[in-house]
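Chain lettering (A, B, C, D, E and F) follows the sequence in which the chains are written, and residue indices restart at 1 in each chain.
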C-alpha cells in the first residue's frame, strides 16, 4: 500500500513535470558528413527491406544516406493501417454500438463517435501528439516539442521508425487516440448529456490517455519495456491492451457507476434496435483491427506479418467459442454472441499480437471466448451496474486478461526486439511486470475518471433529464431521428 | 469580356482539335542500349525508394534498367488507393446520398451510382483515358493513343509515374471519373428520369470531365502548372478541387435549376429516410478519401504522407466546427452537421492536400466548417433553388474555396515539385492563377451543362411525371422497393 | 465413362493417400554458405522489386542473402489483400445475402457467415493449410507438415512466394477457405438447420475444398498447370474460378435439391427485405475482390496490376450489361440487376484476372452480364429448383464460363509465367485442359456434396420444421430479431 | 359521438390535417395501413421472380368527434383527400359510446 | 353495414385475401399489429439480458361490407385463417353508420 | 360486448398491459400509431431545412370485452397510463356486435 502511494506520488510529480519539460534541442548545425560508399548505399537499401537503421542513423554516424526520407512500403502500409484504424471508429464502432442501442438513441451514439473524432484530432494537433511522443519524463512527453505538429513532416522520427514518415506515424497514432475514448461510450450510452461527454473526453485525454500512451509507447516511457532500457516497469504492450482497452474499459465502469442505471433498467426490455448494423460494425472492426495490430509493427515487416496471423486466429477462435458456449448453455448461438466473441478475441490479442505465435493466439482466442462471456452473462447480473453495451465486460476484462496472458505467452522467437532490453525478463518474470503495468493502468483510469466524473457532475451534470431519456437523445439533443419511414 | 470570349474560342478549337490529333509515335526501334553499371543499378534502386527516375528514364539515356517494371510499394499503394476511391462511390456516396432521400427514392440513388460506375468505366476504356492522359493539345488528349486501353499495360507511363503500372494508374483515374458525375446526383435526386441521367452523364463526360481532367492533369494540359512548363495558366490542383468538386458542384447547380424543384418543396417535409445510412456513407467517404488525396501523389512517398496528414486534420476540424456552429446557433449539434462538415473539409482540402502543411490544413478545416455551412443554411434559403442534397453548397462552394486557399497556402517546403515550374509563382501570384483556373472551370461546367441540359429536356425530357414522383422512383423506374418488412 | 471412372479411382486413392503422406523433410543441417558479393546483394534487391528469386533461393545455391526475410511491399500488399478478402465475407457477403432474404431470416444468414469464419479458421489452423499447401500427392498435401501452423512463420515459403511471409500467405488463403463455403449458403437460405450447416461445412472442407485447392494451387497439384511441371491436367485458374466459384456453386445446386424448396415457393412472394443492405454488400464485395484477384499474384507486381485492371473492367461491364438487358427486356434496370451483374462479372473474371488483357476483360464482362442473367431469369424457372439467392445461377454458371473463357483468352504477353510450363498449351489446347479441370471440379463438388448431404439428412436432418420456417430462423435458431423498432 | 375513419393516399395526409384544423378539429390518430381495392397494385421483379404487390400504402386517420361536427369534418376530408383518381379511399363512420381523457379523467365531448 | 375486423397470423394474409375474393369481397384495409393472448411469446437473450417478448406479430384485416354479405365473409375468413393451433386470432364485428367513397362522393353500400 | 381503444404514450405500454392482466384481461391487440392533439410536436433541422413534426408516436391498444368488465378495465388503464402531462392520450369505447375465435369457432363472450 505504502509502495503504491509512493508510486502514485512519483507519477503525480512526473505528470506535472511533463508540462514544463524543456523542448527537445533543435537539430544543431551538424559538421559536414561524407557521402555513403556504394557498399553503404547497398546496406541502406537492405536496411529498408529489413526495417533496420541506415548507416546514417547510427549515433555519431559520419555519412549521409541517399535514401534519407521515408521507405515507400512501410509508409504505404502505415497509411493503409491508419485508414483502417479510422474505419474502426467511423463507421465501425459507431455501428457496432449504434446497432445495440434503442432506435431513439441510435444517432446519439454516432454523434459521440463523430464528436470525439473531431475533438481529439484538434487536441492531438494542439499538444496531444507532443505530450505522448516527444521525449520528456517517464509519464509525459514535453508539451512544446511537437505542439501544433510543428516539425512533424514526412521524414521519419527514428525514435519510432526508421522508414515511416513522422506525419503518417502521428496520424496513425491519432486514430488510436480517437477510438479509445469512443470505446467508453458503450458503457454510458442512452443517458449521458452530450455537453458532459465533450467535457469529459477533453479532460480524460489529458488525465488518462496522454500519460498512459507516453508511459507505454513514449521513447522514455515508464512501462515501455521493449524500447526504453530505463523503463521502471519492464512491461510490454504491442498494440494497446493497457493504453486502449484497459484504460477505456475501467474508466467506463467508473463512469457508468457515477451515472447510474438507465430508466427502467433492468426491468424494461432494451433489445438492440438493429443487430444488422451491429454485425456490419463488427465486420468493420475486425477488418480495421489489422491496421490496429499489424500496423503496430510500424512497418510492413515480419512482426507485422506475425501480428496479422495472431489477430486472425484469436478473433476467429473467440468468436466461435463464445457462440458455441451459448449453443451449449442456452441452445442458441446468437449473432451478438459471434460478434462479441470476435471483438473480445481482438481485444485480448491486442497487447500480444506481435509477441506470441499461432498456438499462443489460439489459446488467447479460447480465453477471450470464455472469460468475457462469463463477465457479460454473470458478473453484470451479480453486481448490477448498467454497463449498457458491455464496455467493461469486453474491454476491461478482455484487456486485463490480454495484458496478463501476453506476459505468459510472449516469445522472442517471434519478435527479436524482445531480446534488446528484456533478455532475462521474457519467459521469466514478465508476467509480474505485466501485473505492475495493469496496476498503474487501473490507477490512472480509476483515479482520473473518478475525479473528472465527480467534477462534471457537480459543474454541469452528467445526465439528461428523465423526460429527455424517455423521448430519446436523438430528438432532444441532436434534433434528428435515425429513420423516417 | 473580350478576352474571355477569345479564350473560349481558343478552347473550342482546341477541344475539337483533340479528336483529330495524330496518335503518339509508337516506340520506334531504339538503338541497342548498354547494361547498367553496378552503381547505376544501386542508383535505380534508390530512385525506387525516393520515387525518382531510373537512369534509363532520362531523355536520351543510353542504359537499360534491371528494374524497368513497376515498383511494388508504389504499385501496392496505388492499388489500395484505387480500391479506396471506388469504395467512396460504391457504397460510400451511394449511402451518403441514399440515406438523405426519402424512402421511396432510396434505390434510385443507388441505381444512379451503380449505373454511372458501369457507364463511365466503358467510356473510359473506349476513349476516355486516352482523351485525358495521352498527349494532345492543351484541352484534350488524343482519342487514338490509348483507345480501348491499347498499350496500357503493367509498365509505368513515365509521364505520370516512374514506378506505378500504367494499368493501375488508369484504373485509379477511372475511379475519379466515376465519382465526379455521381456527385452531381445529389442536386437532382428524387425527380430526374433515369434515361435522362444516363444520356446526361455520357455527354457531360465528353463536354466537361475529359477536357477538365486533361487541362489540369494531362501532361500538356492548359492548367497543369506543376508538371507542364508550358501551361498557360500556372495553377495547381492536387487531387481534383477543380476537376472533381467544382466541375460537379457547379454543374449540379445548373442542372437542378433546369430541372425545377421537387413537388412540394419546400413546404412538404422531406427528412432523410436514414441518417444511419448517411453516416455510414460519410465514414466510408472519409476513409476512401485517403486513397483520393494521398493516392494523388501516385506514389507511397513523402508527398502522399503529407496529404494523408492534411486530409485527416481538415476533415476532423471541419466536421467538429460545423457541428459546433450548429450547437452555438441552434442548440443542437446534428449528425448531419458532423457528416456535412467532414465531407466539406475533405472537399476543401482536396486541391491543397499535397501542397500545404498541418497549420494550413487546420485553417482549411476552419473555412470548410463555416463557409459551406453558411451556404447550406442561408444561401439556399435566400436563392430558393432545390439542390436536394446540397451538392452545390458543399462541392461547388467548398471546391471553389479550396482552389483559392490552395493558392494562398501552398508551400514548396512540403512539396518540392512546386519548385520545378512554379518558382516565382508559389507564394506570390499563385492565387491569381488559381482564380483563372476557377474561371475556366466555371466556364466548362456551366456552358457544358446548360447546353446538355437544354438538349436533353427538348429531346427526351429531364423529369419524371408528377405521378411517378409521388409514388417514388424506386417502384416506377426500377421496379423494386428498398425495404420489405 | 470408363476413363472417368479410372480417374475417379486414382483420385480416391490419392485422396486417402494424402493423409498418410510422409512429412516433408525438415531443413537438414546445411553446409555453411558464403556471404553474398556486392553484386549479388544488388541483384537480390532487384529481385525484390521484380518479385524474383534471391541468389540464395536457387537450388543448390551456395550464398546467403542479406534480405532473406519478407519483402515489405509484397508483404504489405498481401496483408491488405487478406483484409480485403475477409471484408468480402464479413460483412460483404453477409449483407449481400442478408439483404436478399426475408426480414425474419436476416440474422440466420449473418450467423452462417460468422460461424463459417470461426469454424474454418480453426480447421485451417489444425490441418487445413497443411493439407492444401504442403507437398503431398496430386490431390492432397500432407496433413502433418504444417499441422497447427507449425513452422508457418514470417519467412516466405518459396514454393509460393519469394517475398511474402508464409504466415501472411496462410491467412490470405484462409480468407478464401472462409468465403467459399459461405457462398453455398445463398442456395439453402431460409430453411437449413444451423447444426446441419456446421456439420456440412466441416465435412465439405475435407471432401471438396481442401483437395480442390491443393489440386489447383498446391505445389504438386493435379491441375496446377502454371507451376507444377508434372501436372496431369495443364489447366490454369488465377484466383479460384474452379476452387471457389464452381465448387461452391455446384455444391449449392446439389444441396438445395436435397433440401427441397422453401415453404410457399414459388407462390408466396419473398422479396428482399433490404435492397439497401444488398447493395452495400455488393460494393464491399467489389472492393474486397481486388484483394481476391490482384492479391492472387501474391506480390504487388505487374501481374497484380493487370488483375486489378481486368477485375475492374469485367465487373463494371457486367454490371452495366445485366441492368441494360433488364432495361431492354423488362423496361426497368433494377438495383438487384446492377448488383448481380457486378458479382457475376467478378466471378467470371476470377480465374482469368492475371492471364487476360483489357479487351479480354471486356469480353468476359459481356458474357458475365448476359449468361448468368439468362440462368437466373430463365433456367431457374424452367427447372424449378429453389436456389434461394442464385448461388448456382451466378457462381456455378459464372465460374464455369470463366474457367472456359480463361482457356480461350489467356495470353503470356500479360503473364510471362504462362511460358514456364505451358508453352505449347496456352493459345492452343488450353481450353481442352480447362474442360478437364471443369470436369474434375464437377466430380468433386457433386459427389462430395451428395454423399455429405445424404449422410446428414439421415443422421440429424437437414431442414428446420415447418413451424420454425414459418416463424423465421432468427427467432427460433438464434433467439434474436434483426430489428426492433 | 362518432368516429370517422378515413383511408386516404399517403401524400394527402398533410392537406387533410390542415383542412380539419380549419374546421376546428384538433385531435386525431393516424396509422400506416395497406389498402386493397379497385386500384391496381404493381409488379416487382427480383432476378426473374415476379411479384404482384396488391396492397398499396394508405394512411388511416381516426377522429372521434361530437355528432354536431360530423358533417363539416367529413366535408373537409372529402375535399382535401380527393384527386379524382382511383384509389382515393373511403370515409367510414362508426358510433362511439364513450370517450375519456386519460390525463384528466374528463368524459364525453369534453374529452375529445 | 358492418365492419369485420379479423386478427390473423401474418402468413395467412394471402390465403384470407384470396378466400374473400372468391366470395366477392374486393375491398379491405390491412395493418400490422402485435397481439397478446393465450399464445405464448418467446424469449430473446442479448449478452445475458433475457427479454420475454409477449407481443406476437399479427395482421389486422378490416372490411366494411353490407349486412347481407357478412355471413359468407366471416365463413370465408374462418376457413382460410384456421390452422387449429393456438393464436389463430379473432373475428370481431362492429356496426357501421356510414361509408363514403372519396373519389366520387358515393355513399352507403355504393361506396364499398 | 364492447371494444376499448386506448391511445397511450409508448413507454406506458408495459404498465398498462400489466394493469390489465391484474384485472384479468388477457387478450389485446396493439399497434403503433401517430397522434395529433394538444401536445406539441418538435422541430427537426436538416442542413437548414426546418421541419415541424406534429405527429407524435403513440400506442393504440384494442381490447374487446364483456360489458361487465368494462369499468374495471377502463379504471386500470386510466391509472396505469396517466402521467398527468399533456399527451397522455384517450380511451374510447365502441359497441361490438360479435366476436369469434378462429381456432375453435366459439362465439360471443366465449371467444374473447
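As a convention for this text, contacts are C-beta pairs under 8 Å (C-beta built on N, C-alpha and C of every residue); 3 or more make two chains touch, one makes a residue touch a chain.
If you're wondering where the values come from, they're calculated on a predicted model, not measured in any experiment.
Here the chain-to-chain distance from chain B to chain E, counted in touching steps, is 2. Common neighbours of chain A and chain D, by the contact definition above: B, C, E, F.
Using the contact threshold fixed earlier, the set of chains in contact with both chain A and chain B is C, F. The chain pair with the larger count of C-beta pairs in contact, out of B-D and C-D, is C-D. Centre-to-centre separation between chain B and chain C, using Cα means, comes to 34 Å. Taking each chain's centre as the average of its CA atoms, chain E and chain F sit 18 Å apart.
Centre to centre, using the average C-alpha position, chain A and chain E are separated by 55 Å. Looking at chain C, residues 38, 42, 45, 48, 71-73, 76, 80, 271-272, 274, 280, 330, 332, 334, 336, 479-481, 485 sit in touch with two or more other chains. Touching two or more other chains at once are residues 31-32, 44-46, 94-95 of chain E. Here, these are the chain pairs in contact: A-B, A-C, A-E, A-F, B-C, B-D, B-F, C-D, C-E, D-E, D-F, E-F.
Across the interface of their complex, chain B is touched by residues 38, 41-42, 45, 48, 66-67, 69-73, 75-76, 79-80, 82-83, 86-87, 90-92, 94-95, 98, 106-107, 110-111, 114-115, 117-119, 121-122, 125, 148-149, 152-155, 165, 167-168, 170-171, 174, 194, 274, 277, 280, 477-485 of chain A.
Those residues of chain D that touch chain E in the shared complex are 2, 6-8, 31-38, 54-55, 58, 60, 74, 77-78, 81-95. Those residues of chain D lying in contact with chain B across their complex are 11, 14, 42-46. The residues of chain C lying in touch with chain B in their complex are 38-39, 42-43, 45-46, 48-51, 71-74, 76-77, 80, 84, 102-103, 271-276, 279-280, 282-284, 286-287, 290-291, 294, 299-306, 308-309, 312-313, 316-317, 319-321, 323, 330, 332-336, 338-339, 341-342, 357-359, 362, 414.
Contacts from chain A toward chain F in the complex involve residues 264, 268, 470, 475-476, 479-481.
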